[in-house]
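Naming follows writing order (A, B, C and D), and every chain is counted from residue 1.
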Amino acid sequence: MGSLDIAGFEAAARARLADDVWGYIQGGSGSESALRANREALERLRVRPRFLVDVSACDPSTSVLGLPLATPLGIAPMAYHRLAHPEGEVATAEAAGASGTLLTVSMFASRTLEDIAAAAAGSPLWLQLYWLRERAAVVELADRAAAAGFSALVLTVDAPKVARRPRDSRSGFTVPEGIGAVNLPSSLTASAHRHSEGASSIERHSREQFDPGITWADLAWLRERTSLPLLIKGILTAEDAELAVAHGASGVVVSNHGGRQLDCAVASADALPEIVDAVGGRCPVVVDGGIRHGSDVLKVLALGADLALIGRPVLWGLAQGGAAGVAELLELLRAELTEAMVLSGCPLTSDINRSFITAG
Amino acid sequence: MGSLDIAGFEAAARARLADDVWGYIQGGSGSESALRANREALERLRVRPRFLVDVSACDPSTSVLGLPLATPLGIAPMAYHRLAHPEGEVATAEAAGASGTLLTVSMFASRTLEDIAAAAAGSPLWLQLYWLRERAAVVELADRAAAAGFSALVLTVDAPKVARRPRDSRSGFTVPEGIGAVNLPSSLTASAHRHSEGASSIERHSREQFDPGITWADLAWLRERTSLPLLIKGILTAEDAELAVAHGASGVVVSNHGGRQLDCAVASADALPEIVDAVGGRCPVVVDGGIRHGSDVLKVLALGADLALIGRPVLWGLAQGGAAGVAELLELLRAELTEAMVLSGCPLTSDINRSFITAG
Amino acid sequence: MGSLDIAGFEAAARARLADDVWGYIQGGSGSESALRANREALERLRVRPRFLVDVSACDPSTSVLGLPLATPLGIAPMAYHRLAHPEGEVATAEAAGASGTLLTVSMFASRTLEDIAAAAAGSPLWLQLYWLRERAAVVELADRAAAAGFSALVLTVDAPKVARRPRDSRSGFTVPEGIGAVNLPSSLTASAHRHSEGASSIERHSREQFDPGITWADLAWLRERTSLPLLIKGILTAEDAELAVAHGASGVVVSNHGGRQLDCAVASADALPEIVDAVGGRCPVVVDGGIRHGSDVLKVLALGADLALIGRPVLWGLAQGGAAGVAELLELLRAELTEAMVLSGCPLTSDINRSFITAG
Amino acid sequence: MGSLDIAGFEAAARARLADDVWGYIQGGSGSESALRANREALERLRVRPRFLVDVSACDPSTSVLGLPLATPLGIAPMAYHRLAHPEGEVATAEAAGASGTLLTVSMFASRTLEDIAAAAAGSPLWLQLYWLRERAAVVELADRAAAAGFSALVLTVDAPKVARRPRDSRSGFTVPEGIGAVNLPSSLTASAHRHSEGASSIERHSREQFDPGITWADLAWLRERTSLPLLIKGILTAEDAELAVAHGASGVVVSNHGGRQLDCAVASADALPEIVDAVGGRCPVVVDGGIRHGSDVLKVLALGADLALIGRPVLWGLAQGGAAGVAELLELLRAELTEAMVLSGCPLTSDINRSFITAG
């Protein structure tokens, strides 16, 4: 195992990436208060460990929606992995596949679903979707995903449009020529590359393409057109979790989009308990936002999540060393989680429950 | 749209204004603890956004006291806009008028009510009043306002005298010759220009002119002498809100004067909920203090306010670019608010309620 | 009025005093956590001001134990004022006397009670006492105080010994030759001047002279030997306040000795409410610790105190300008308090009650 | 008495020790959040002192498990004291013995139990044990301890393996040749000295030797093989405290291993009250983690602990001056605790109860 800890991965990536790309990856919307809130919420939680439990064979494996997973830690959907490394999502998938880690591929992936699936080598893949005005393109993508062996769809609902992100406005961030959302018709993606003074092309592009008019009622339309289970990503209230279940969602992802959408949004770890309670076991509850240590995974599992996703750190690993960097990052987090299970007396992920958590 | 965010406006204004003017605008009273408390109270609040609501046509418009407003965001009364820009309130009114933004003109405006009204071009104007010892001057001003098409009066009650503001005492701040409260008889304003060592002329002037003896009972006297609705500005308790309604106020403005009066006062956002509850819909509740982002407006509306006023940022816009600067600032906040509505699932301002707020 | 605010007084004093004297005055015991806690407790409190109350004649005067006082702000007992200025307590008394401010003279005053009384010119004086092993000296001092026109005694009970104060240990602080506790027999004070490496002579002296064995039962002994009312200083719990009243105390001073005794002690403002409740009006409740602004006085009065004492700031004024400096300091605080009363709608100190306070 | 306060001891030690040794001593696991939490929990607590109690003879002595102790402050088990000073545990024992302070000797002591016992000169000694895969070695050690006059065993249960500690991984910390766990067969300790890139030899060694499979049921096996009382160290929940008592533990040590094991663990002072309540006086409750001042001891005793242990500060004293340095450190803490008892009105440790504590 390498010797980088999470701060080391961050520093290494910072050193390798251009300023505007770094700003796009690291940044949040507005005053970045939701970004900070995610970490603060996790740090506030403390664990009540139990001892003299046989932890000689701690096993972080789990299963979600019938999929066996090496750890309750998956990769969150992020656009354009090629920003971090020339091989992009294929490198990420290789590392994920080798370790049996769930990879959620963004609708704005910069490598084809088919190449990604090949690299993942049978390890579970989900495909994240935004609801485009051009509905046919969404369904077509869902079909390709099913054909390529993806096992679920994740509809992101917290982005009727992409939020203003000051770092991108200031840098005038534009997706570089040569990197693109290769799984979408180019007619739909051209404007992401058009530079304009003092504005983010990503934000403008989302205004053109995303459909801000869809409602819970529209979900049925999509569900009828795909055989894949459909998770809803971006849920932050018990009310919406209840609606998701009522509308046949196969799972919910509790997320504030890593602090990149509504700037004043509640932290995902703070929203989690009420959502777990509302869902009441009727479907899996996934969570992301600020997960940086194995112990963060232990904490959200204790609050009732079934799975945690990590975002930015994966791009740090990718920037630092391609597939090998991601593999090292995933191994670090897996090792930290296993250690946290050993040191808190939880041989199995199913042993982790709310009695392990306190506000400190 | 320009590329400045709110911090950019502040920095631009700082660079353009003289030290003592900047101190007068930015400063608070005493140790500036009420100034800080306003921001801290807003930052503590977090929003619970809802999704899969049709937000294709988010509309931030609202109406207060029967006035249609482009946004629930108005301009707080501030003395002497000419300190920030030679055109003063006329430039502000031009920008407000063009965007349908409510402008509250200070009794100490540095341009005439009539010129301001002309520039506002029919967009709603309120006139702020202090209760002067010279009562006749107050009534005369109210009459002129009515004649000039102003639609309401705002009586500021949190200033029986102007508080000590250390930045002004240190700088010996005096309103420069050539800038004045042009709507008042010069006999009443002369002393605001008399310099004295280690003291603020503004503070001394208020001691001479403001009547610290008025009580709730005196409100009737003023209400009998004007046909305009009368709002009470500076309310910070449920008890005073109840008294305001009982004494026929047409609205209350929850405010600690932007941290410029009682230094130990509660933050306006912290006082807001009890006041909303006490008023119980009997009149509009307006709030100001520390509003800097569109999401701050969303937060106070969720707590039950009908309208939020911004103070200092308007002077930043004015200093930076006159009418154009104010227009840009107002557009920034309007765009941010609309985005916050889109991203939290509130197509209309009337959709925003207390279920959207949590302490985080 | 001069132009210094409280921070200005502190800075001016710092510049004039030797490092070891400054350390002795400013410092607290141990890690200085009680010192910090005093300020934090006051800052946490926020005021709920009321408006449209006739404040044309705000009057900060009050009376305690039948003594009319210009303000509910007195001077806390502090040893050796001559450390700050050659004229010592006589200068302080002159300023206090001129403004009708209560002065509590320390048992370790560096000027005679009689000279101090002469300078105070009839303004109220209290004498603070420690309980010495040499009981006769205590009674003799009480007698002299009565003869000199002092109106009450204050027995400090939080110092069975003087605590370790790291700043003094490091500086090896010793009361300079030429400055002494002139009201005590020199046999009792000599050791305060004996220098020893790495130790505070003040602490050693207290171990030799103070009687750590006295109990509530002993109070009767002292009360029988003086006709002056006796307040108990250093109370931090409802239980001790109850005992004080039960043992005939004429008042209690809620105090952690300005963070100079038990380092882990609760802040005085945090202890105040339970003590006010326990005393239930049976005797005056005085408080000190961290009072730096007029608004701090308003806050503790709102919590139920009858009188607030200030410590260190008086020595800052003294160091900066002798009697004139103290006068200026007292005037600053009086003006600030009056302003806070004007701006919160309290014409009289008796109008200030718990409804004016909130935790913010 | 010397003039160093606790910060002085820390600074002196820092100056004398090599970087990697310092990192090993000072460091915590992971992001060191449990390390910080320990101090924060203690600082949040404030004391409600009582006065006019006879404190002329404050006596910090106590007894635990029938052992008379000079103070309720013992020395926590720490590996390899020779890292701090060539004489190692013998110097520590000399200082502990001279002052009647309980010393808990680590299973990884770098001097023989017999030499340590000789130096302690009859003062109480406990032996700390980890449960090794090689059970015979554990029992043999327990036997030697009993023979050498140790009076209790402390089984540390929070370390089924040693946690990752970033400072040690970065420095590649390896126990230097010439320093070793001399009470264990060398076959069991060799690997602690094998250097490997980017990894801590301590962590690797623990994986090879510690038995992560033991459970509460195994305790009986150990208890049958020793006549010494057995305390369980590392308890952080009421549930485990209850299990400890139920399985015949003679005491529990509330500890998160000084922030060196589960990084997200609750602070020991925060866990203490629920454990005191669960134990209900059926056995002594010992606590460690972040105790740095006499007042910290007062606080944990007020929360119901019978004994507090200090870790790192003892090594600071040792590094600074061998036996004399430890003696000075112990004397500092004893004096501080006695002063805190004097200043809070607690003549005896048994007077200290929960009424003395508040959250502040």
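By definition in this document, contacts are C-beta pairs under 8 Å (C-beta built on N, C-alpha and C of every residue); 3 or more make two chains touch, one makes a residue touch a chain.
Note that the structure is predicted; figures quoted are calculated from it, not measured.
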| item | value |
| --- | --- |
| Path length in steps (a step moves to a chain that is touched) from chain B to chain D | 2 |
| Rotation, 0 to 180 degrees and nearest 5, that superposes chain A on copy chain D via CA atoms | 90 |
| Interface residue overlap between copies chain B and chain C, same or different (over half shared) | different |
| Between chain B and chain A, distance of the C-alpha-averaged centres to the nearest whole Å | 42 |
| Approximate Å spacing (C-alpha centroids) for the pair chain A, chain C | 60 |
| For chain D, residues that touch 2 or more chains besides their own | none |
| Category of the chain touch graph - line, ring, star, complete, other | ring |
| Touching pairs among all chains present in the structure | A-B, A-D, B-C, C-D |
| Contact footprint of chain B on chain C as seen in their complex | 1-3, 5, 43, 45-56, 293, 295-296, 298-299, 335-336, 339-340, 342-344, 355, 358, 360 |
| List of chain C residues in touch with chain D within their complex | 30-31, 33, 37, 41, 157-161, 163-164, 166, 169-170, 197-199, 211-216, 218-219, 234-237, 239-240, 243, 261-267, 270-271 |
